[in-house]
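Two complexes, one shared chain (chain A), two partners (chain B, chain C).
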Partner chain A sequence: MSVDKTLPDGTSGCADPVLGLFSSPLKVLNLGLDSFADELSAQGVEVLRVRWKPPAGGNAKLIGALDRITRGGFDVETANREAVSRILKGKPVLVDVGKALDVVPGMTKRTVLHAGPPITWERMCGPMRGAVIGGLLYEGLAKTRAEAEGLAASGGVDFSPCHHHASVGPMAGVMTASMPVWIFENETYGNRSYCTFNEGLGKVLRYGAFSDEVLERLRWIEKELAPLMKRALALHGPLDMRNIIAQALQMGDEGHNRNRAGTSLIIREFAPYLVRLGEDGEKVAKALSFMHANDHFFLNLSMPASKCVVDAAAGVEGSTLIVTMARNGTDFGIRISGLGDRWFTGPAGIVEGLYLPGFSAADAAPDIGDSVITETAGIGGFAMAAAPAIVKFVGGSPEDALAWTRRMYEITVAESEFYRIPILDFRGTPTGIDLRKVVETGILPVINTGIAHREPGIGMVGAGLVKPPVNCFEDALFAFAQTYGEGEKA
Partner chain B sequence: MSVDKTLPDGTSGCADPVLGLFSSPLKVLNLGLDSFADELSAQGVEVLRVRWKPPAGGNAKLIGALDRITRGGFDVETANREAVSRILKGKPVLVDVGKALDVVPGMTKRTVLHAGPPITWERMCGPMRGAVIGGLLYEGLAKTRAEAEGLAASGGVDFSPCHHHASVGPMAGVMTASMPVWIFENETYGNRSYCTFNEGLGKVLRYGAFSDEVLERLRWIEKELAPLMKRALALHGPLDMRNIIAQALQMGDEGHNRNRAGTSLIIREFAPYLVRLGEDGEKVAKALSFMHANDHFFLNLSMPASKCVVDAAAGVEGSTLIVTMARNGTDFGIRISGLGDRWFTGPAGIVEGLYLPGFSAADAAPDIGDSVITETAGIGGFAMAAAPAIVKFVGGSPEDALAWTRRMYEITVAESEFYRIPILDFRGTPTGIDLRKVVETGILPVINTGIAHREPGIGMVGAGLVKPPVNCFEDALFAFAQTYGEGEKA
Partner chain C sequence: MKRAQVRKDSYFDSVFLMSLSKRLKDNPQVADAIVAMGTSMNLELLADQGYAGPELTGVTPNDLIIAVEAADAAAVESALQAAKALLEKKAAPSSGGRADAEPTTLAAGLRALPGANLAVISLPGAYAAREARKALESGLHVMLFSDNVSLEDEIALKRLGRDKGLLVMGPDCGTAIINGVPICFANAVRRGPVGVVAASGTGLQEVTCLVDRFGSGISQAIGTGGRDLKNAKVGGITMLMGIAALAQDPETKVIVVVSKPPAQEVADKVVAALGAAGKSAVVHFIGLEPGSAGSAPASVHFASSLEETASMAAAIAAGRPALAAGRPAMPVPLAPEIEALAEREARRLAPGQKWLRGYYTGGTVADEAMILLHRLTGRLFSNNQGDPAFVPPDPRLSIEHTIVDLGDDVFTVGRPHPMIDPSTRTDRILAEKDDASIAVVLIDVVLGYGSHPDPAGAVVEALKVVRATAEARGGYLPVVASVIGTPADFQGYEAQVAKLEAAGCLVMPSNYRAAVLAARIVEKAAKR
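And then the complex of A and B:
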């Protein structure tokens, strides 16, 4: 394109652009470092500052890997669109309640499922060991703590991540054969997911407590609560959990650490059907009171709802979408849609947040649990703008909650059509984390979470925000470049 | 205070301020009209623009009344602080359910309470007439519509505003002798308030419908629902409604037209106690399903909760606090704390908002109902920032919802300690409307409301925002000046 330099009066404008540079006032566009702009401003030059950082913090190896992926034969954009469209179209429906042994794929009487990537007994943190001990006592596989520890250490039980069994578990995430589970179906793609029942706060198995009180509650859930909910659900019919989550996001929840609305919606949905079962009034009242007293009851529904949706996005060739994030209290791990079942791990972080009275950071176990499946699906921390009141639980200000959600749009590839945030003018939640964007921008996924005491048997000590380890994203990028990048494969 | 004009180098600065004005660059502060500032800006003068409008729109009579009040012997500020402190300290508690005839002060078998200021049958709008007809049929005082209309027109029944009987009613607000009512007590001051049960949406008495379906539902409420709730409440014990409203405001409600959280909280609170009554399961299930199907169930609880709190602020000598706002579909009326039971009225406005499919503004009755008691108490439209999702119901954008709440701080004298808005950094809701501030600023209280069809028997056609008539505030101000202003009394 040529530019006409003749002025309206017929004379010529400055013909030589280089000379023109010296004879006309400078207007400077400054990218990145402010020091250049500061110097020019001081000399009275007009400067437009553009915020810019080199990709991947200027790390040549990472930039090289990103470039190799770009020049590789795979159309990553198209693959990611396919993967995220599966998340966007997913419809999680609560279809039944069952016994883990009967319904969870690969479950045996000696299996102990746990949160996060694979881990051995030796490397487990305090609360996860506590939950394993509790699980073995609950199953009758051990009679005492010592017996349980011996059995766990001897290889007499099979440890396996929930995520390998279409399941998710909050905090320690321990699931054993007799435990009742919520059964979800992704109506769009037909796959299922599973999660135990939420036990409430305080001394509970998922925080590593295993006292008699904890085990009795688990037995009551198995013998009374779960059968009641199974029958009520049968009477009610399958429950569209996408709709419930969408409503909860308009009622100040984000589906991970603020679940007061979700729990309320579940209670009002089920109460009439629980009543119609013709069961003893006190038994039904106890079930309703239990749910009423525990606003996290809904967490064990939002998690499997997220799991069955994200699972459908796994295994898309050439996709850099993150389809798993999970922590076992020792390692934080992720899995990538285009890289199959391979985990990329780094050290689990320490949660920054608010502590319950009498506790401090010194008491905290590292980051633990599969509940970050909610963020992976585009809710939880990614939807914090919908839940400004959550800052009273995890720390920070309402403005921070808005800022976190806004920032997550920078590392995601789509926006939900169903999960919308009123205060952001009903914008859809940021959905589908692109590994490349995380590495390029250096923006890590925001995760809000509970904090477990580092010793087994104690329970919850606080809640806050946690950063995942950078290296697992970098390692995953290198692996992706090796698999799909230019010049990496024969 | 003298200003040292000696400069650091020992020479004198410009000694003559007038001469200085001409010799130094101008910096101009512009109050009000932008045209002056525009002219100066065009000449390169630095202008700081201050938004300013003359008080009371420059109306000399109103300014005179405001001045007379200021110069009068009464300390209005102190009186208002006393009045608003009664609102701030009020603790509304749901204590019982009763029959209107038995518990509502001044109720008789031939009394028909209605919303808004006093009105005769002749001046009643369509939906209010419809509700009166329905009330008379329900009480058996008439057998047909014609008979009811004849009775109403003949003076055979006593019409009276709910507000004269410590009561409030949404929309037409018709309450008759046999109707069950929620009984509230202001725990701090001991006064009580009353409200009927919410009937749901669609064809309902409060929107002027009176078909058999409407009357049958009212009878079911009287015979089944109310007795169940009365017994469940007795088992539960008095319910602190201030706490419930505070929670609902953190869950996207504002307590007037968005009550999904409030209704959910009530269901989860009562469900276990309803179950424990040992009643027939289907009967209890029907009660729970009715509440579940009607998110406005909570409106008839937030209204009397507001009423008993605001009533305690009435009758404070010298106070300009607005303690009643109410509409009967023909007139909008207010009452002032320092002016006793006197109503100041103006024509009820037309609601601007969103219409249900098939309806338009041509179908709308004027503004109607006592539900603006919520705004009078500092929630409802005044708390819209807590409920951005409400704009899908009443129109506008989430930004508008924030703006409305922010504007209401300009006409109120305090902020609630209990009702807090997360997105405004947990700021308390604007509470205690000062009549003087309304007139001075010209900012009218924001009211969001349902829209009734103008004909009796049809029901709800939409929802939106409505402006109260200016003249009732002006008339109240003149009356206040006459009672308390300088030189007005002997």
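And then the complex of A and C:
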């Protein structure tokens, strides 16, 4: 009996996969005893040894939840493909600059947005409190520190996470009504996102500083820088941020903790239009110098660019994609596409990294900020291979940077078509974190981040890598199994 | 003194750890050593052994425990150091710290080896089914070596495999030969026109080796796992897929099916599938008399032993009539040589020597001997007997005629299968050396990949001891053996046979003949 080995599908070369196996060289994945792999290799068979570990660290409850999800009859794979395709197709465009009160959904004069999951004044860490005080002083809602603290503690202001308002904020992430914000639009899906302007390093509001110097800078941003940028952008036209981030990744940035290239590209984009505004040369020079002096100017652009893209992937029924990771300095929280607005939180960790001279781990505040939106979108720590220089923060080698990115492919469901990493042969960045894979492999998302001083107002004291708390992923998995898993559906 | 040490987050395979424990215990200064993952079962075991220090609190299944008992602190320390060295030797390829160097998941493995077509899974049963499912979903055929996979999981996996046209060999499948490559426990046989689908491990090994010995060769040999045909709910999914594939396979001229007696409806389906295959087929349902399986198409031949299965298949493959070549008309009357040999051996026995003792490492060959000998003696005990009346009350103690399958779970808790670590068998043989009522010892020696590097060498010392002990008390103890293997196996068939013969064993060319000879000896012993 003859077998047709020239089928047009070109995959197995055989209609029957078993006959396909019989007619092609064995290529074996070995899970378990090495001796089996050794003996196959000795026979010249191509074998790959998978260094298998018990899923979910051998935790029977977690494995049970994973299995209930698998057997639940809900096609999680398809849901995840849908969710991640929204991330992959998303096109973040910088469209305008506006005043928070006018443009950010739900913003009021007495609203203070902050980074991370919801939190009360009582539970806020030092830098977060400092930033709140600064915000209230800046808005004129309080005249002194004491007054601001009293107001915050009395419930006279509404605290709310940036993430609940289509916004993101680095570190303390405090946004108040008068602040100017970058306005992004996801051109593919039409949703918008918002973020304040980056104030530079050192004594700045996002690290909890609220001295006069800080407030003056904020006012300069509001009165002078933001209007200039708004007009220059209007002349320039909408700015395709996906394109800029893609370029920055090829220039040694990862879009979270290293933004030198991104900032430079923004200056290149804006400079001619700033000049054309016909403003006083000194004024324009000050704006350009400010951007030039602050490598992280771009962070407040890469963050909302990531935010509007990931937001489109939220709310996909049955999807285990992680669509939010954020910290408020007290809690680390995540949200899952298929589980609506529920936060799953755990204690914010201490960043492992290098400290600026004169500081040590004793000075560090716990992990804080919405900037982990970049990792959620597949850049930041996930693109570390693009930014080998960043590893100096964690005392590692460029090899480690490659390894981190490669490891993230194990917990993600897709690769970006736009964000590519030259040294990985232009492979797309690992995109779309699958909650199940995180729990199953025990590989936590790698997050690059800055370290804030535990006391308000001192600023950045270092940078490094932070591990999210395991329990928030586990809790989310249990909740997902409860909602979609076998036998547990409510 | 006793000491336990914990290495956090260091996962090792249990079989590797068991062999490591054994190597530590080989040191005469070490009274006991347990190297195991921190599962609750292992922690209980350690507590029972008196390891209960604070170092064992908070241990997880991902942590490795090294527990050592030795004469003094220095000996304990040196044993711990030895364990460390052995563990690190193993870990060397993955110790580069590079995340990409060693994929830790099946998905990552697939990315690292695009075009992989077979997953060989020997993980603990509790995890094996999950990984098998992922492999199938990724389009890989699966060889599932693991046991302790639930029936429910087996059915689900095989249905998934069937829907995708992918083979699920196993669970509890120890052997296969795909495209001439022996996988797990399998022998280096010639390639040829005989295709095999077998629901039994050593049955497949014995048949493929004998096909080789009869001058033919194997196209493909597919293991199905023991429940495939036995359990009507599984319904022979893998067997039927295997038959269908061999029917299409241009290299295969003869299809051989070997299994323990299947559920009747499954047997009917198998025979019908073979009839529809359009090729000659040889079927052996172990323990089922040819002819008792009902009517069958003319192209389907039934064999009465593993040896006959191989000889019929080889004959058909060579274009000779199956029956003339395949029916040596055994067991009665016996070939004259066997009769003469039995006579010679029986004459040397002392009065009171009357029982047969079979010490087997291979399950199917143990079954073949058990069924034959039970039929001939009417009363044979074995842990593999279906009828509880013939199951020894204590599996560790032989009574009257006994054939023990030492690969049974009872004997493999905490130690490797006796085909890997033959000490289970030598311990048992030596434990019964003072039993003056034993008339004959029957053993199998299984060669091939996966097996011990010198299984004959590993058993002969114990055999010499029992033979000498018998002689010392004025008796004589014949040992009948057969070797499953080929000249191409790395242990070397001839060399292994020579070792057994040098120790005074009577080496028969097949397990079937070995069992017949042993039966003849005890028959004659009873008449004396």
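Basically, the second predicted complex is superposed on the first by the 436 of 490 C-alpha atoms of A that agree within 3 Å, B and C clash if a C-alpha of one lies under 4 Å from a C-alpha of the other, contacts with A are read in each partner's own complex, and residues count from 1 in each chain.
Just so it is clear, a contact is a pair of C-beta atoms (placed from the backbone, for glycine too) under 8 Å apart; a residue touches a chain by one contact, two chains touch by 3 or more.
On a predicted model such as this, the values are computed, not experimentally measured, just so you know.
Novice: Scan A:His292 for contacts with chain B and chain C and give back first, second, both or neither.
Specialist: first
Novice: Considering only touches as defined above, state whether A:Ala362 meets chain B (first), chain C (second), both or neither.
Specialist: A:Ala362 contacts neither chain B nor chain C.
Novice: Answer with first, second, both or neither: which of chain B and chain C does A:Pro422 touch in the superposed model?
Specialist: First partner only.
Novice: For A:Gly281 in the superposed arrangement: first (chain B), second (chain C), both or neither?
Specialist: A:Gly281: touches chain B, not chain C.
Novice: Can A:Ala389 be said to touch chain B (first), chain C (second), both, or neither?
Specialist: In the superposed model, A:Ala389 contacts chain B only, not chain C.
Novice: Check the contacts made with chain A and report whether chain B or chain C touches more of its residues.
Specialist: Of chain B and chain C, C contacts more residues of chain A.
Novice: Now for A:Gly252: first (chain B), second (chain C), both, or neither, which partner does it touch?
Specialist: After superposing on A, A:Gly252 lies in contact with chain B but is clear of chain C.
Novice: Kindly classify A:Pro272 by the partners it touches after superposition: chain B alone (first), chain C alone (second), both, or neither?
Specialist: First partner only.
Novice: Can you pull the chain A residues that chain B and chain C both touch?
Specialist: Common interface on chain A, chain B vs chain C: 399.
Novice: Hey, which residues of chain A end up touching chain C in the complex?
Specialist: 1-3, 16-22, 24-37, 39-40, 43, 45-46, 48-55, 57-59, 63, 66-67, 70, 399, 402-404, 406-407, 409-410, 440-441
Novice: In their complex, what parts of chain B are in touch with chain A?
Specialist: Touch residues, chain B against chain A: 247, 250-253, 260-261, 263-265, 267-269, 271-278, 281-282, 284-286, 288-289, 291-292, 388-389, 391, 397-399, 422-426.
Novice: Hey, which residues of chain C end up touching chain A in the complex?
Specialist: Answer in residue numbers: 11, 13, 15-16, 37, 39, 60-62, 90, 93-94, 97-100, 102-113, 115-124, 127-128, 130-131, 133, 135, 139-141, 145-146, 164-167, 178-179, 181-184, 220, 241-242, 244-245, 247-251, 278, 449-450.
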